[in-house]
Amino acid sequence: MKSLQISLPGLELKNPIMPASGCFGFGREFSQLFDLSLLGAIMIKATTFEPRFGNPTPRVAETTAGMLNAIGLQNPGLEKVMNEELPWLDQFDVPIIANVAGSQEEDYIAVAKDISKAPNVHALELNISCPNVKTGGIAFGTIPEVAKILTKKVKEVSEVPVYVKLSPNVTNIVEMARAVEDGGADGLTMINTLVGMRIDLKTGKPILANKTGGLSGPAIKPIAIRMIHEVSQHVSLPIIGMGGVQSAEDVIEYYYAGASAVAVGTANFVDPFVCPTIIEELPELVRSLGFEHISECTGRSWKNG
Amino acid sequence: MKSLQISLPGLELKNPIMPASGCFGFGREFSQLFDLSLLGAIMIKATTFEPRFGNPTPRVAETTAGMLNAIGLQNPGLEKVMNEELPWLDQFDVPIIANVAGSQEEDYIAVAKDISKAPNVHALELNISCPNVKTGGIAFGTIPEVAKILTKKVKEVSEVPVYVKLSPNVTNIVEMARAVEDGGADGLTMINTLVGMRIDLKTGKPILANKTGGLSGPAIKPIAIRMIHEVSQHVSLPIIGMGGVQSAEDVIEYYYAGASAVAVGTANFVDPFVCPTIIEELPELVRSLGFEHISECTGRSWKNG
Amino acid sequence: MIKKELCQIVSQAEIAEHIFKLTLQGELVREMNEPGQFVHLKVSDYAEPLLRRPISISDINKDENQFTMIYRAEGRGTALLSERKPGDFVDVLGPLGNAFPIEAASTGETALLVGGGIGVPPLYELSKRLVKRGVKVIHVLGFQSENVVFYDEDFTKLGETYVATVDGSYGTKGFVTNIIEDRKLTFDVLYSCGPTPMLKALENNYKDKKVYLSLEERMGCGIGACFACVCHTADDPSGHTYKKVCSDGPVFKAGEVLL
Amino acid sequence: MIKKELCQIVSQAEIAEHIFKLTLQGELVREMNEPGQFVHLKVSDYAEPLLRRPISISDINKDENQFTMIYRAEGRGTALLSERKPGDFVDVLGPLGNAFPIEAASTGETALLVGGGIGVPPLYELSKRLVKRGVKVIHVLGFQSENVVFYDEDFTKLGETYVATVDGSYGTKGFVTNIIEDRKLTFDVLYSCGPTPMLKALENNYKDKKVYLSLEERMGCGIGACFACVCHTADDPSGHTYKKVCSDGPVFKAGEVLL
């Protein structure tokens, strides 16, 4: 499957398909279903300095062709991720992208510093865009200058390349992308979820205990495609695209928009075998579209010819 | 159907259901299908000062549970709307909400001034949020101060109440709502479409000739619900809600979020009889949920009790 | 009158590779009086695929309240439609649009019907009606290759019929225009439906003749309300006058709109 | 082992108002060895409804590779499921979760099985297994009203069975807890599945007994990866320790997690 091998900052991947953060835990559950070494990479669940329980339940609600989640960054905390999850994942031949979250600068820095030292962590994904955490977080993802400074500080301590995960809940996504590029980011991952809500017909109250949640799934794909199309023309960082990917065809659409790799989130819940299925189907699709290598597809929607 | 009668600034409506602007033309086509007097109101297609052809085709593309459009404000221009469309609509017992668009302040003002004089125009809908027009437009919908000033100027010339149509493509929707409230708006309509894109698998190019288009349909409903939930708690203007409404149940969800009336857009293409169907089903639904009047539903998701 | 009705599937069959013939029964057949109109189909009960699909009417059977369409299962919507079975219901909006004017050809005159690929179907009902009117019909049908050729025998029963395939695997190798020129076909009126380059060629070649062309465009509403399907008029190619393919067309007189 | 398989519908019937009994056949029945597990169903081939639906396994037939579920057609997903016909396929992920521990009740002991509404189904396979083990079973089943009562006869065949309805239209008027108290039912082990208030009452009333409760929570993945379905542990009610209903449950020992 030479046609799928790709190189990105810090990442030498056998294929460009990876589960998106928060949709695959730390891989344990899916390892019962298929060999994790098949994956291009794994974006593990957001890790914060302290363990977090997250939000009260219900934490998920279905929407038309999408879902809302308000998990609230539940995770066992840096120490346990370092001592238990990452060593366990080391049995697989798959690079880990560690999703780093926090509610203040120091948290991010502390997590980034440590977790980037784990031997199988090949890159960080700076989660400045989680819509489900009340304190602080929002500014990191919506104010360019704040995002830039955070990126810079995390870069200073990280031993591996840093990808910044952009929030779609902004007026100007290019401005955000440029800011984190200025801050020294090695790549972008986009998009995180859009803030949404569903209300229960009978009770009249929001279905999610947290009221609002992040919208993901096929419903948001056209928004992600548009943003990647825009951003990829204005920054020179590689982009790992995500949002509603369900099939090999969707992966190509992301490439055409400007992505260099693709992550799969919600679709893992619909079909837990979706990642290996896409990986299996991609080479033939790439070939049938007339390409030798998938990377030829990147940015075709705006490149000449 | 007393349980559906509502009063809003400028609007005494027999029911709160109206087709959304751009999804019903000027009513002529739908008048072949049902009696337009059944409708609460009609939001007519955006009117600009000069006639506009709009964007090249293809202008629509389907997405999962949604569609993109880049019509580009095609319309016959103020004069023709005043002399032909509005007089024709006058045969029906239905108030018209005139959607006013432009690419610069003067255009808006000129259209608002004239069109608000038409006897069947009971309110204006200031379209500061059309994502499909290149020049100028975008600032009106994304910069609070610009929106405020425009609202103020239009209010000065309008003979009927002015509703401002908000764009969801912003970081802070409450800030926008507050700005137009300060500018003197009588009401809000929300949301307009989200900017999106689809790329053709075979050509590698965007399906829409305009590249990007506005995303509408069931896919965006949770985003609209969240925004109305937020805005309705922070401004005291009535809100006409829209985005993905397909059923009487959806209407109630909008009410719970904080809307005082509901517009139906894309669903008119899926089922051209959707508006009369909803109007027929609403009274029984309202009753079965335990309400005497639909207005009791407004804001229940955040009001006590 | 435009109606919306759940019509029942009488039959459905694959008549060439990925080409399906679908016959539906419903009251709205009573409204179908002209050849060249189309219907707008909702192919699922779900929010996905969301939009209706425009498909031409290829055969009207008033006696049985049935009509037939021929379509290519291409994307998701038509693929789903092709899975429907007799007895199932399909949500139909129609009939829509303006038809081929059969009155443009008088009894005794010759009409040339030129179809390309999936543009062939609406010509079938047209041809039947022209024959009934006493018009002599000549059909020139173009396809990609043999495996997607359909209905050539049915057309042959109505009049002279020539088939061109791009790869020469069936009929004459080449395009419909080659056949018309090579065979020096003469006619009083030309009716055509097919890909835009074909329509353009015909429009250019027969400027002096009565030519009617059926256009395609991506649609939203299908009834003229959304402005998705507009085209410029030929006399104002960059101005703001326009025609809507769904409600002013899909059939236009050559020279009326910009192709 | 968790499997994903298109299982074929053997039968489906409405056994009470909006309550359906659905039997599927598939290889993954081989993996079903315990009572109280559930499956996660995709009810459409569309992106809507997007998520799977968790439904308990109520009966396992290893000989025929069949299993049965009983569910209420409530929202869109279950309504669509109820329209599926024998011969159709349903996409099943399972078996999932941890079962009721039958070994908690020894031969000769008495088990009380308390079910509320749509929580009744998983108790059926449990009861069969307990009976097989030589455990005496007593069933107390609660429903809203007569029209939604189901399976009381099937349970009666396995052991003493009491039914309560909230409106008194069938069995005893009131709640399951009323029956247990009024009849002074005694038992060694209690197994229950149903609405949370019922589970809470049972947990409180029988603190000194072995009690096993099956919980419900809105789910994403159903396999433990998404953290949608967590609950606090009872010994750390506001801390960060947790259990996942889908993979640590749905059956928990009373006192283990915060209801």
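Which chain is which? They are A, B, C and D, in the order written, and residues in each are numbered from 1.
Going forward, a residue touches a chain if its C-beta (ideal position, glycine included) is under 8 Å from a C-beta of that chain, and two chains touch if they have at least 3 such contacts.
None of these values were measured; they are calculated from a predicted model.
Chains that touch both subunit B and subunit C: A, D. The distance from the centre of subunit A to the centre of subunit C, each centre being the mean of the chain's C-alpha atoms, comes to 46 Å. Centre-to-centre separation between subunit C and subunit D, using Cα means, comes to 56 Å. Per-chain CA centroids place subunit A at a distance of 36 Å from subunit D. Among the residues of subunit B, those in touch with two or more other chains are 63-66, 218. Listed for subunit D are residues 47-48, each touching two or more other chains.
Taken as a graph of touching chains, this assembly is fully connected, with contact between every pair of chains. Those residues of subunit A lying in contact with subunit C across their complex are 64-65, 218. Taken in their complex, subunit D has these residues touching subunit A: 1-2, 4, 42, 47-52, 93, 217-232, 239-242, 247.
Within the complex formed with subunit B, the residues of subunit A that make contact are 63-66, 68, 142, 169-172, 194-199, 201-202, 204-206, 211-212, 215, 218-223, 225-226, 229, 244, 249, 252-253, 256-257, 289, 297, 300-301. Taken in their complex, subunit C has these residues touching subunit A: 47-48. For subunit A in complex with subunit D, the touching residues are 22-25, 28-30, 32-33, 45, 51-54, 57-67, 69, 71, 74, 76-77, 217-218, 246, 266, 268-273.
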